[in-house]
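What follows is a set of structures for review.
Two complexes come next, and they have one chain in common, subunit A, joined by subunit B in the first and subunit C in the second.
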Partner chain A sequence: MALVRKDLRLELRTRETIVAMVLFAIVMLAILQFGFGTRDDDLTRFVGGLMWVTLAFTAVLGVGRSYVAEREQRVLDGLLVSPVPRTVMLGAKAIAIFLYMTAVEIVVIPLVGVFFVKGPYWDAIGWIAIAAVLANICIALSGTLFSGLALFTRARDLILPVLFLPALVPVVIAGAGATHAVAGGPHDMSEWRGYCLFLLAYAILFALVSVATYDAVFDD
Partner chain B sequence: MTPSSTTDGPARIPGQRAAVIWGVLATILVVVSTIGVFLIAPEDADQGIIQRIFYFHVAIAIASLIAFAVACVAGILYLRSRDERWDDVGEASIRIGLLFSVLVVITGSIWAKASWGTWWVWSDPRLVTYLIVVLIYAAYFVLRSSAEDDRKMRYSAIYAIAGFASVPLSFYSVRVAESFVHPVVFTSSGANMPGTMLWWFIVSQAAMIALFIALLEVDLLGRRSERALRRLAMRLESA
Partner chain C sequence: MVTARGLVHAYGERRAVDGVDLALAPGERLALAGPNGAGKSTLLRLVATLLRAQSGSLEVLGEEIPGGTRIARRGIGYLAHDPLVYLDLTARQNLELYGDLYGIDDRDRRIDDLLERVGLLGRAEDTVRTFSRGMAQRLALARMLLHRPRLLLLDEPHASLDARGATLLDDELATATADGRSAIIVTHEVERVARVADRLMVLRAGRVVLDEPTAGLDPMAVRRRYEEVAG
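After this line comes the complex of A and B, so read on.
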């Protein structure tokens, strides 16, 4: 918990990552609207895609920033020589990314409803939130592993999206599918459940892979 | 015989014989399966000649998954032993698996054009899945090229494991709520095709697996030869 507090305290002092992520997400939503080439007020059918494309790219931005403080202020060197188990480092970083994503979603999920949906979106917001929490766990776990891999590579800012986004495709498919199932028109709860179970399976599998391999990421 | 021994005949790199044996076996099997698929196997009543692409399309897809599984196991073994030979096996397997996956996408696209009149069908889960698989494993080489020495091997091993975990996830994510347009040949109750077709499919599958092993052996032989040459050059320089 001390490591999570360290990440959050660093963030709360400057608020640079969360503010940048939220702004980025809002700009993305606007670009997507213009990118459709229509000024149609009702994009209910595309609500899942609009939301999760925005969140996926915002996640790349946030995950890319997650080790910056450690690297620039040489905190990582201290952590690596300390007796803190690597799995604790993994858990702390994943919790920090999870909280960043949750903060962004608190703004993005209602905003998507205001901007694009003319259907009964607000009744479904709880179901969307549950899917978002599960997706955040997936993003946090895979993001921690891939950002650790990209950390000491050349052109790491370029490497991270190339590694992370393909692994995120299933999360986007499931997140967008779950959102579409409850807010995009069909209101199909069994479909929503299927996507949520998939997200849970993704989270479990990536938790296992991350715990099994994270030791080797910083084995210098 | 070690690569440097030159006293009794020409030096031989370890694995040379295996590469030759697998190369010959793969060539025979590919020729036999091509003849069988195009000249002997019965024509599908519904799809006609285009169905014959199935023998290669599915066989390459399965062989590519085997290649990625081999790379994942090699990754685990590398992390346990830090023996760079496992890194060689991992990289070579992913190189071949990626090549096979691209072929799966191309043959699938040809099949889509012939069957459904369009080169790309987003509602076909298998085609979309393979596109994701290609993207995942293409990133492996980007990661490899941007890290050095021990880190390169370590990161590659970790990514090979994480990449292989992503494959079933990609498969299921595009299937959770898809309407299937892809012909389903293998179901839980068995193969949905007549005996002769199944026989030629098995031959094609064996050919593709043998081709994978032959390419892997040749790739590994190339690496060993390169190392042996480097050692020889160093020895000559120091002499």
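After this line comes the complex of A and C, so read on.
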């Protein structure tokens, strides 16, 4: 928990990452609103896609900053020479990213309802939030792994989105599907459950891949 | 403390460390010198377990590397060019973080003791960003000593320490032998380090070109010996 506490302390002091992520998400939703919703068209059937594309690009922004303090302040060697297992470092970064994404979603999920949904939405918020928690685990685990990989490359700012966005495609599909199943009309809980199970399986897969490879990422 | 045989590490085609043998006994302090690009910092990073050797064998604090890396790391104190502390955390928060990473039982008391010794107790609640370079490096000295390491690995420590920090470090190194702690000190200031080192090892192009005792020798004589072999 010391590493998570450190990340949160740094974020509370600098307020760089979460504020930037929330603003980016709001701006992106506004652009989508202007792009799609200037007339009275009902965008409810697109709401899952609009929400999760916004969240995916916001995740890229947040994950890209996950090792900024270590890199710019040249602290990484201090962590690496300590006896802490690399997987614990992975877990700590993943928890921080999870919390950042949760903060973004607290703003984004209601805003999507305001911007795009004409039918019933607010009674579906709880189900969307559950899917978002599962998606966040996927984003946090895959994001930590890819940001760790990109950390040791020169073109890290370019490489990270190239590696990370394709890994987010299944998360966007499942997140959008789960949202679509419950937003704007009668809830299709069977469909929602299927997408949530997919997200859970994807999270487990990335947890296993991360644990198996993270030592090699930092030690080789 | 450290035993290396035929250690090799290359960056691409260039061998930064090329077949180095090294033996460091408990309580021994080794000055590691050589011209720029000789492989000193790479060798230090190999011993610190921050790099992995491409061939050769390495044992640190009785642990084979890489097999026993995590156990060995508990006993390593590493002082680098950079202080390895977060600029936006306070001095105390940085030491608390490292104290937790090393699982130190008497963390808070140890932090107060060390901050007092490095003259930063009055600035403990200030962020490191407000510190001078010398103060940040004194905090790095406290960070290195926090978990009572048995092996000190110092990369040009006098280059960025202020006078107070340099004196503290020299005192620390002077008492290391009595405590059974060992040290490898990468340096360009051969005559300064000769005062506290027991042995001088000189690297050139990744290879050992001199490895001999310096105890009892005049620091200027050590400097002349270094210049003879370093080129």
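By definition in this document, the second predicted complex is superposed on the first by the 210 of 220 C-alpha atoms of A that agree within 3 Å, B and C clash if a C-alpha of one lies under 4 Å from a C-alpha of the other, contacts with A are read in each partner's own complex, and residues count from 1 in each chain.
The rule we apply is simple: a contact is a pair of C-beta atoms (placed from the backbone, for glycine too) under 8 Å apart; a residue touches a chain by one contact, two chains touch by 3 or more.
Every value quoted in this text rests on a predicted model; they were computed, and no experiment measured them.
Novice: Could you classify subunit B and subunit C on subunit A, in the superposed arrangement, as clash or fit?
Specialist: fit
Novice: A:Gly126 in the overlay: touching subunit B, subunit C, both, or neither? Say first, second, both or neither.
Specialist: Touch partners of A:Gly126: none, neither subunit B nor subunit C.
Novice: May I ask you to decide whether A:Leu145 touches subunit B, subunit C, both, or neither, giving the answer as first, second, both or neither?
Specialist: Only subunit B; A:Leu145 stays clear of subunit C.
Novice: When the shared chain A is used to line up the two structures, what angle, as a multiple of 10 degrees, is there at the CA centre of subunit A toward subunit B and subunit C?
Specialist: 90
Novice: Taking the superposition as given, does A:Tyr195 touch the first partner, subunit B, the second, subunit C, both, or neither?
Specialist: Only subunit B; A:Tyr195 stays clear of subunit C.
Novice: So, does A:Arg154 touch the first partner subunit B, the second partner subunit C, both, or neither?
Specialist: first
Novice: Contact-wise, after the overlay, does A:Leu80 reach subunit B, subunit C, both or neither (first, second, both, neither)?
Specialist: Once the two structures are laid over each other on A, A:Leu80 reaches subunit C alone.
Novice: Quick one: classify A:Leu163 as touching subunit B (first), subunit C (second), both or neither.
Specialist: After superposition on chain A, A:Leu163 lies in contact with subunit B alone.
Novice: With the two complexes superposed on chain A, say which partner A:Ala174 touches: subunit B (first), subunit C (second), both, or neither.
Specialist: In the superposed model, A:Ala174 contacts subunit B only, not subunit C.
Novice: In the three-chain superposition, say which chain, subunit B or subunit C, touches more residues of subunit A.
Specialist: Higher number of touched subunit A residues: B.
Novice: Across all Cα pairs of subunit B and subunit C, what is the smallest distance in the superposition, given in whole Å?
Specialist: Superposed model gives a least subunit B-subunit C C-alpha distance of 6 Å.
Novice: Per the definitions at the top, what is the overlap between the subunit A residues touching subunit B and those touching subunit C?
Specialist: Comparing the two interfaces on subunit A, one with subunit B and one with subunit C, the shared residues are 219-220.
Novice: Along subunit B, where are the residues that touch subunit A in the complex?
Specialist: Per the stated touch rule, the residues are 79, 132, 135-136, 139, 142-143, 146-147, 151, 154-155, 157-159, 161-163, 165-166, 168-170, 172-174, 176-177.
Novice: Within the complex, which stretch of subunit C touches subunit A?
Specialist: Spelled out, the residues of subunit C in touch with subunit A are 48-50, 52, 66, 69-71, 73-74, 76, 78, 80, 82, 84-89, 93, 96-98, 100-102, 127, 143.
Novice: Within their complex, state which residues of subunit A touch subunit C.
Specialist: 1-3, 5-6, 9-10, 13-14, 69, 73-75, 77-85, 219-220
Novice: Touching residues of subunit A toward subunit B in the complex: what are they?
Specialist: Residues of subunit A touching subunit B: 142, 145-146, 149-150, 152-156, 159, 162-163, 165-167, 169-170, 173-174, 177, 181, 191, 194-195, 198, 201-202, 205-206, 208-209, 212-213, 216-217, 219-220.
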